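Some structures to go through are shown next.
Paired with chain B in one complex and with chain C in the other, chain A is shared by the two complexes that follow.
After this line comes the complex of A and B, so read on.
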């Protein structure tokens, strides 16, 4: 009897911690989304409005633009992180001198605080004395400096690149651990069968990486979807609203207007969207795996 | 025997520790939240230390916070009912704090002498619904900073501003004639308001309705946009807030920009700055000679009492205020100081003082942050050519109305 309950006892502190720190605030946010509550307008009071906030949200064109922007932001950034991360992981999995040093150095963007990284990139992108313009001008690719953060498209791309730069090391580390887990016998057998490098990559490496790939990309999608610091420091969602993703919009509602009801509605919508997407994504890959 | 002495000694130590603790707990603790850089915070600590030396029963707890975080932190504290006793705020935040009932009017604390220390126009910047919620601490008028080695005489009108900017740009490769800001930042609104007021426009009319999209407003935004798009005399404004313009200036990227007196702490004065000699001039005239007046103020939490006021009264007394103004680089807040020889004979400060009489106070919508977001969106849309100035300002007015943030009269 004692043995049966012992494991539960051990995980109890963690469960209590998670309930208090994660579940309770989430439930509170769900509850707030059903109320009209604007903290800076205390005279309007707190009123239960049911699904009204969600109706307002769905009717709001800004929400749909923001959602579309967030989707493009997430897909482009995660795609970049995955492709570059996988390529570098495959390279770092080869045997060469000082491999350990490279593997350590590659972690720098990941361990740099995001705000610091965004401030550095702001300088890199600066139109007048930024390093990017300096390099491009030295290479003769441009004649005059480009104001990267001063135009809608370039600001969006610049923010994506910054986000990729931070996220790539995580992908490398995860993919590298996945690559190291692939039995060498499989490669040897492929070699005996006369498979070339491309065939080996697509028939052995990538299929074997699938579980790792699934976890890494889903985590990356959630983090990128909710990425706030980089955009806020680089552009605050501008120019105009070119980089205003859902999380920026949520922040502005909740901590700019202090409209807790609408802010929570945005947060809950993001939560539900990500939850549905994650389940769908997981299922899609798992099913394929079974086939 | 030894054991007995030891026990008595131990008890004495314990008793003294408890007594000390009780005494320490008897101290009146005043929490003071202050945003700013190290130099500014240095003065705050200096005043607090001096006050504590004079009042040993008082302990001042300084909560330091960056300008980028103070709004969120202050609002969270206000909601949680833990607003510090004394807080340094941008006066633009006073309406929302007053509406949230987080701060209290200071009228009952302020003596007639204290009121008379300040000009009415300055007190008005921290007055909401006929109540004096803020005690002005820093005051900034705006002047035109220009390179004296490149510009013989500063421009007097909008037309001259464009001419001079073009000329200096033509003669100096890699340098823009002017710098303006268009980033998502409070300074974009205040930079634009200079031109708005000069054109004869207003943000809100007497009834508190937004009237930014008046003929004058459109003319002002058109001029602001033209500096970038038509005349091409400024680097892309969308990328810069005003706080970054002094750096562009000191690195020789722009020859003119509009800024408050604190600009000198970034650019430096001779002899430390020999590369970019400069002077300040009154802002060029549109229809009128106008500039925006912006103030920062001290506010007191709703529950703060006489002790907090005594401390606030001390740090804002004539000597401390004037010392702070001069050393830190702020337009003198008190009337008497503004007339004093110390400021009047300082060539740099004099222009800022001369600007006071042309000043228009910053508008006070109920929720500044939303107002700023709406307006910077519209200014950016016009600067990027997505919208005409008329359409951009029409949109801003509509959004201000729908958000219901016009000042309450």
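After this line comes the complex of A and C, so read on.
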């Protein structure tokens, strides 16, 4: 009898905490999205406006360009991390001297806090004294220094590179642990059958890696979609709005303009987009594994 | 013939790895090198790869000089340490229940835990800000600690559930047969065995607290209360940035994470991939 309620006793503190700090505020966000409220214009008061904020959002070109920017940001960064991570992991999966040193050095970006990394990169990208310009000039790739964070396209690319830099080590390490889990017999059998390296890669390595690959890329997509720290410190969404993803846009609406209504509308939209994605993620895994 | 192609393959691997590492570690190298330069050295062109003489004094200057970096550093320690403790306090019992019992609502609880991991804190920041303000908690560590813990907790539960599931159930059952109460057997047997797992989860939460920007940015506006993330992004927003001191501050901020991370890295990857999928 005692056992029946015991698990609930154990999870209760966490559940209450999450209800108070996560679930309840989210409900309030949904509620706020139906109201007009601007904190710095208190004389306008708080007024129920129904779905008006969402209509405003959908009609707003800024929302659509921010959504598009978020998609490009997520896809390009995750693609880069995955491709580079996978290639390096495959290389490191061989047995050779100094492999341990390489594997340790690779972790350095991972231990760098995102905010700190963005500050380092700001200095690297610096238009006047930055090391990146110096190296590219020495290599003969550019003639004069470029202000990387001062132009829209270069700032976007610069932010993507910063984000990739932070994320690549995770990818390498996860892929590597996945590769090491592939039974050696499979490779030996392939060898006996006379398969070449390309065939082995596509017929054995990649299919065997699939579960790890899915977990890693989906986590990476979520993290990248949500990334705030790097963009905020590097560009604050600028120049103009070249790096303004949905999360940055939401934050600016709420805490730049103090427009609680529109800020919440952006937040709800972002939340729904991610919820759809997480449900998809949950189903994909619970179909296969007994949970 | 065979040996030759192996040799080519091996040298190619090394060449690619060295080029890759040079690019990957370039910013880290720039950080270290700049942190030892003089102010004039930082603004010199062409820049030096390695400064002529090492200005170790930069580290002392950033720590107690104009930037007074020891203050945000201590603030971050308090915030991150509390996030670690709070998430463990709430997360360990929950993870234990998930690893030991089948109960109605288990799946829902797991899903909610996973779902929280998926969205950005920005989604609940506005109401949380209002609550924090109405309770007079603006410019307190408490607000940041609570906010960040809510997002560290799911990860702690996730990692710990995986770890605890690997500890055989027979152990505490045997202890209970021997007359131990459940709580005593938990305290005497499970906690010590789960030590490394608890440490890993706690350190992970600590690192999340150490990296927090969004909650501090929203809840803290006094320089005295700012953690390193907020302080450093304020410093680089100013007109004159003393990059040599900023880079010394960067090195100082990385060190605690690097030390802790080296301890948990192996388990973290296991927990994120295998344990994670198993839930």
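General remarks:
Quick note on the criterion: the second predicted complex is superposed on the first by the 255 of 291 C-alpha atoms of A that agree within 3 Å, B and C clash if a C-alpha of one lies under 4 Å from a C-alpha of the other, contacts with A are read in each partner's own complex, and residues count from 1 in each chain.
The rule is simple: a residue touches a chain if its C-beta (ideal position, glycine included) is under 8 Å from a C-beta of that chain, and two chains touch if they have at least 3 such contacts.
Owing to the predicted nature of the structure, the values given are computational and were not obtained by experimental measurement.
Touch criterion met: A:42 reaches chain B, while chain C stays clear of it. In the superposed pair of complexes, A:149 makes contact with chain B only, with no contact to chain C. Residue contacts after overlaying the shared chain place A:222 against chain C, while chain B stays out of touching range.
When the two complexes are overlaid, the chain among chain B and chain C that reaches more residues of chain A is C. Contacts of A:13 after superposition on the shared chain: chain C is touched, whereas chain B is not. Contact with both chain B and chain C is seen for A:129 once the two complexes are overlaid on the shared chain. With both structures placed on the common chain, the touch criterion links A:237 to chain B but leaves chain C unconnected. By the document's definition of touching, both partners, chain B and chain C, reach A:255. In the superposition on chain A, the residues of chain A contacting both chain B and chain C are 126, 129, 255. Those residues of chain A whose C-beta lies close enough to touch chain B in the complex are 39-43, 126-129, 147, 149-152, 235-241, 252, 255-258.
The touching residues of chain B, when paired with chain A in their complex, are 72, 75, 79, 96, 99-101, 183-185, 235-239, 248, 251, 253, 366-367, 369-370, 373, 376-377, 380-381, 384, 386, 403.
Residue ranges on chain A touching chain C, taken from their complex, read 3-4, 6-11, 13-15, 17-18, 21-22, 24-26, 28-29, 32, 84, 88, 91-92, 94, 96, 98, 102, 105-124, 126, 129, 131, 134-135, 165, 168, 173-174, 177-178, 211-212, 215-216, 219, 222, 226, 228-229, 232-233, 247, 250-251, 254-255, 260, 263-264, 267-268, 270-271, 274-275, 277-278, 281-282, 285, 289, 291. By the touch criterion stated above, chain C contacts chain A in their complex at residues 10, 13-14, 16-17, 20-21, 24-28, 30-31, 34, 42-47, 89-91, 93-94, 96-98, 100-101, 103, 105-107, 109-120, 122-131, 146-147, 149-150, 153, 157, 182, 207, 210-211, 213-214, 217-218, 228-229, 232-233, 236, 243, 246-247, 250, 253-254, 257-258, 261-262, 265, 269-270, 272-273, 276-279.
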